[in-house]
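After this come two complexes, each holding chain A, first together with chain B and then together with chain C.
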Partner chain A sequence: MLSVLRHYGSVAACYLRLTFQQQLEYPLFLVSWMLMIPIQYFAGIYLLKVIIDHFRHLNGWTYPDLVFIFGLGLLSHGLMVVFFINSWMIGRMVIDGTFDRLLLRPMNVFFQLIASYFNFIGLIDLIPGIIIFLYACSLVGFEWTLPNILKLVLILAGAVLIRAALFVMIGSIAFWTKKNAAVHNFALVILERTTMYPLNLYPYLIQALFTFVIPIGFISFYPASAFLDRDRFVLPFDLAILTPVIGLVFYGLSQLIFNWGLRKYESAGT
Partner chain B sequence: MNLAPYYYLTKMRILTNLAYRFDVLVSIGTNLVLMVTAVFLWEAAFSSVPEKNGMGVRDMVAYSIVSTLLGTVFVCGVQDTIYHKVREGQIATDFYKPVPLLAVYFADDLGAVAGDFMIKAIPLLISGAIFFGLPLPESPLGFLLFLPSCVFSYLILWFLSAIVGLLAFWVMELGNMGLVKDAIVRVLSGSFVPVWFFPETLQWISKFLPFQYTYQTPLGIYIGVIGTAQALREMGIQLIWAAALFLVLALFWRKTKKKTLIQGG
Partner chain C sequence: MAIIEVEHVVKDYITVVKKPGIHAALKSLLFPEKKTVRAVDDISFTIEPGEIIGYIGPNGAGKSTMIKMLSGILHPTSGEIRVCGISPQQNRKAVVQNLGVVFGQRTQLYWDLQLRESFELLRRIYRVDAKTFRENMEMLQDILGLEDFIGRPVRQLSLGQRMRGDLAAAMLHSPSILFLDEPTIGLDAEAKHAIRNFIREINKARKVTVILTTHDLDDIEKLCSRVIVVNRGKIVEDGPIGAIVNKLTPMRLLEIELKEPASVRPHPAAEIVRHDGLHVSYRFDKNRISASDLIADLSKQLPIRDLSVKDPTIEDALREIYKEKELVSRGA
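Moving on, here comes the complex of A and B:
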């Protein structure tokens, strides 16, 4: 058992070294991303400020609250992009045949998929996320007490799992259809609009959908509501604690679907 | 001038776009999410303040719906096309074609515009109308001015994209600078939040940039916030920008072509 773990650990370390070298081979290529992504996020909160300057609040959410949810949503997005980016690549790997390579090796396929790409470039998303979240914390007067910090860590872990699970499920579609790029973009847009803006801007039907069917309300909306004590529109207990639980369950479900897809999978080649 | 090759390219683009039915469906869904969420956000904003800058909630709903439609129709594939072709070297074979290259890309994009209008914009308009009511223009005259204004908007956007696309010949190692341009356009064009809501200094600066004339001008004309006299004035500015960017593009293209020939040995 221990030797298996050690083996997996050494493979992960090897992957880590490789991806680090690979991603920094052409550092200048990142210039456009390094400009585009921060512009997008900082402009995002600036536009919220412009709106609030005229309208005071959005369904009870003031500017500090809005930045808090935006920052919290962006943090888990950044972490997901750093650690689980290859869940976005399943479709492409199935099409160009590189996925089949993972099947030939005597090692867990999902582990290979995720461990083989530790995405340093994702820091371009994560760092603006940290800046915006810290800015929001000072705006709303977030108290950095031990319970709050623990809660935050648990929430972020759960939120990353929910996001990763969603993309693993979408990626698994490619095992059947060979193609999932369009669905992937659809999910990205939905996630952006539901985790970085308050979910209660939208009608009850949509809120229910993203609470009970696809639990992305737990990525940032319910935790932020709990932190900000805006729980007049949510259930009477601390929903923030549910995020890690739902994250684990949803993640487990995504593993079942992934493995089911693997059994059905026939290579794209002839 | 023989237009047959361009007509062929445009037709082929329409047909290819129609071939991927599932992708079209999901793309409509994606744009529908963008439209619906923008509308709900503005409805939430206007729920406590009934009127702002002469606009009510109905105006901003129409603004958001038509903005999404313009977003699906204003296809500027040229910047990605040039970027990828330069990176992969295919641009060399494109130079063999007996027609001007930029005109080829323009015809290709026009095909995408026509195709996306039919298969994306119209279904989106119908769904928007079902959810929020048909976003009618303020007046028939406003609608008549809106149409040419959209054409000018598209020209400005396309020339900008082509210029940024040509950057790939010069600074290939910096990645796709079109992404940066797109991020700037999204904010300063007023496609989501109109520039009228920005602080005054920013509004003043924005008047001297081409971006607000791409989305805000036609949309403002459509919802009637921009009156006839001002509409004509802004359309004049649109034309000036389109002409200026066209000139820049033409000069830049000439320089770039020379550089490519040298690079090719």
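Moving on, here comes the complex of A and C:
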């Protein structure tokens, strides 16, 4: 058991070093991301400001509330993009045949897929996320107590797992269809729209969908509502604390689907 | 004991039949018409340790499918495969630990990094201990001459250097079996020579069993003790290279360029295999008629500007085998 852990740890460390070197090979590419991503996010926050200036509040949510939801969502997005970006590549790897190489090596296939690309560029995603979240914290008067920090860490871990699971499931579609780009792009848009605005703006059916079927609501909306303690939106249970649990369950489900797809891939071929 | 055993292996692909036209496309979307394509059709063979096998056949004959099944990427529809006594379907990790695989058209090396970085990753993936790694590197450096380019990013390597890098990568963990899918494709003569030399060396020094698919007759003549020829998913020939080459070598190709258009007639001892414009090709059996006799006969009836006599290519050779087999099965 220990030797297995050491084996996987040593390979992961090597992957980490190689992907770091690999991404440094193209410094200008890095710079272009550094310029683009902050602009995208700060434009997002400006949009929230414009909306609030016009309507004063959105269904009872004020500007500080909205920035808090937005910031919380960006943090888990940034972390997901750092650690799980290769779940976006399954479709491409199946088509160009690079996926076969993972099957030719004596290690777990999912581990190789995820560990083989640690996305340093994703850290750039994370920086504006942190700035916006800290700004939101000062706006809403977030209390940095130990229980709150602990809760925040658990919620972020759960939210990253929910996002990762969603993309692993979408990636696994490629094992059947070979092409999953349309679903993938659709999911990206949905995630942005639902983690940036309060979920209870949407019709009831959509709220139910993003709570019980695809638990996107637990990424930023429910936890933020719990933190902000809004009495105008009372949760049936203390749903916020469910984020890590739901993250684990949804992630487990994505592993089942991935392995099911992998068996399908092995029996069908390309 | 056999190192690879393949028993009655069948591989079916299910594809959707596409017909031209929008109407047909819509119909196929709603009611897909599925068709089963049999890529590998009841193939059985065994391979002994230390053999070098040429697994050859035309494009689409099911060669890559077989390599993928032997290495555990694909599972057969039915039949049994055992590699070193283990089923790659049931215990993929145990089988691939003992396997080196090179796809000539794809690389497993990190494109942007120095060659040695990819080796370091593979050393960890296959858990090669320091001593074995050093010994293997020395041997591979020796045969493949890696020292000239091991410190260069892979994207800057020539195709031949990259292929040598890929072969080294496949051998780092001392596998006892090596699968090579078109290892010499697109290479110049010198690089081909280096790669054939490598295959011979590791086979001799380490008793590595090699299965290679190729379209290059030279590869087969210089390397393979045994050839398995497949066509349409079935084995059509399985035997020592000498027997198969003997069968093929009597055939020669005479290519003629005419001065002006002329009526071209077949020769009693030679068959016309191509005729377009001013170019005519005759195929003949050198045991039935000598090249000089044939040329003398033909020059009486044809205005010849230029001519050359050629050995059959592997594709010609294979076509010969397939044709013969079809005749046999039709006659039987």
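Following the convention adopted for this analysis, the second predicted complex is superposed on the first by the 261 of 270 C-alpha atoms of A that agree within 3 Å, B and C clash if a C-alpha of one lies under 4 Å from a C-alpha of the other, contacts with A are read in each partner's own complex, and residues count from 1 in each chain.
Basically, a residue touches a chain if its C-beta (ideal position, glycine included) is under 8 Å from a C-beta of that chain, and two chains touch if they have at least 3 such contacts.
Keep in mind the model is a prediction, meaning the values are calculated, not measured.
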Of the partners chain B and chain C, which touch A:208 in the superposed model: first, second, both, neither?
neither
Between chain B and chain C, more residues of chain A are touched by B
For A:30, is the partner it touches chain B (first), chain C (second), both, or none of the two (neither)?
first
Counting only touches as set out at the top, which of chain B and chain C does A:4 meet: first, second, both, neither?
neither
Looking at the overlay, does A:103 come into contact with chain B only (first), chain C only (second), both, or neither?
second
By the touch definition at the top of the document, which applies to A:14: first (chain B), second (chain C), both, or neither?
second
Taking the contacts chain A makes with chain B in one complex and with chain C in the other, which residues are shared?
26
Which stretch or stretches of chain C touch chain A in the complex?
11, 13-14, 65, 68, 71-75, 77, 89, 92-94, 96-97, 99, 101, 103, 106, 108, 110, 112-113, 117, 120-121, 124-127, 153
Report the residues of chain B in contact with chain A in the complex, numbered from low to high.
22-23, 25-27, 29-30, 33-34, 36-37, 40-41, 44-49, 52-53, 173-177, 179-180, 182-184, 186-187, 192-193, 197-199
Enumerate the contact residues on chain A facing chain B in the complex.
26, 28-33, 35-36, 39-40, 43, 46-47, 50-51, 53-59, 179, 181-183, 185-186, 189-190, 193, 197, 201-203
The residues of chain A that touch chain C in their complex are 7, 10-11, 14-15, 18, 21-22, 25-26, 97-98, 100-101, 103-107, 266-269
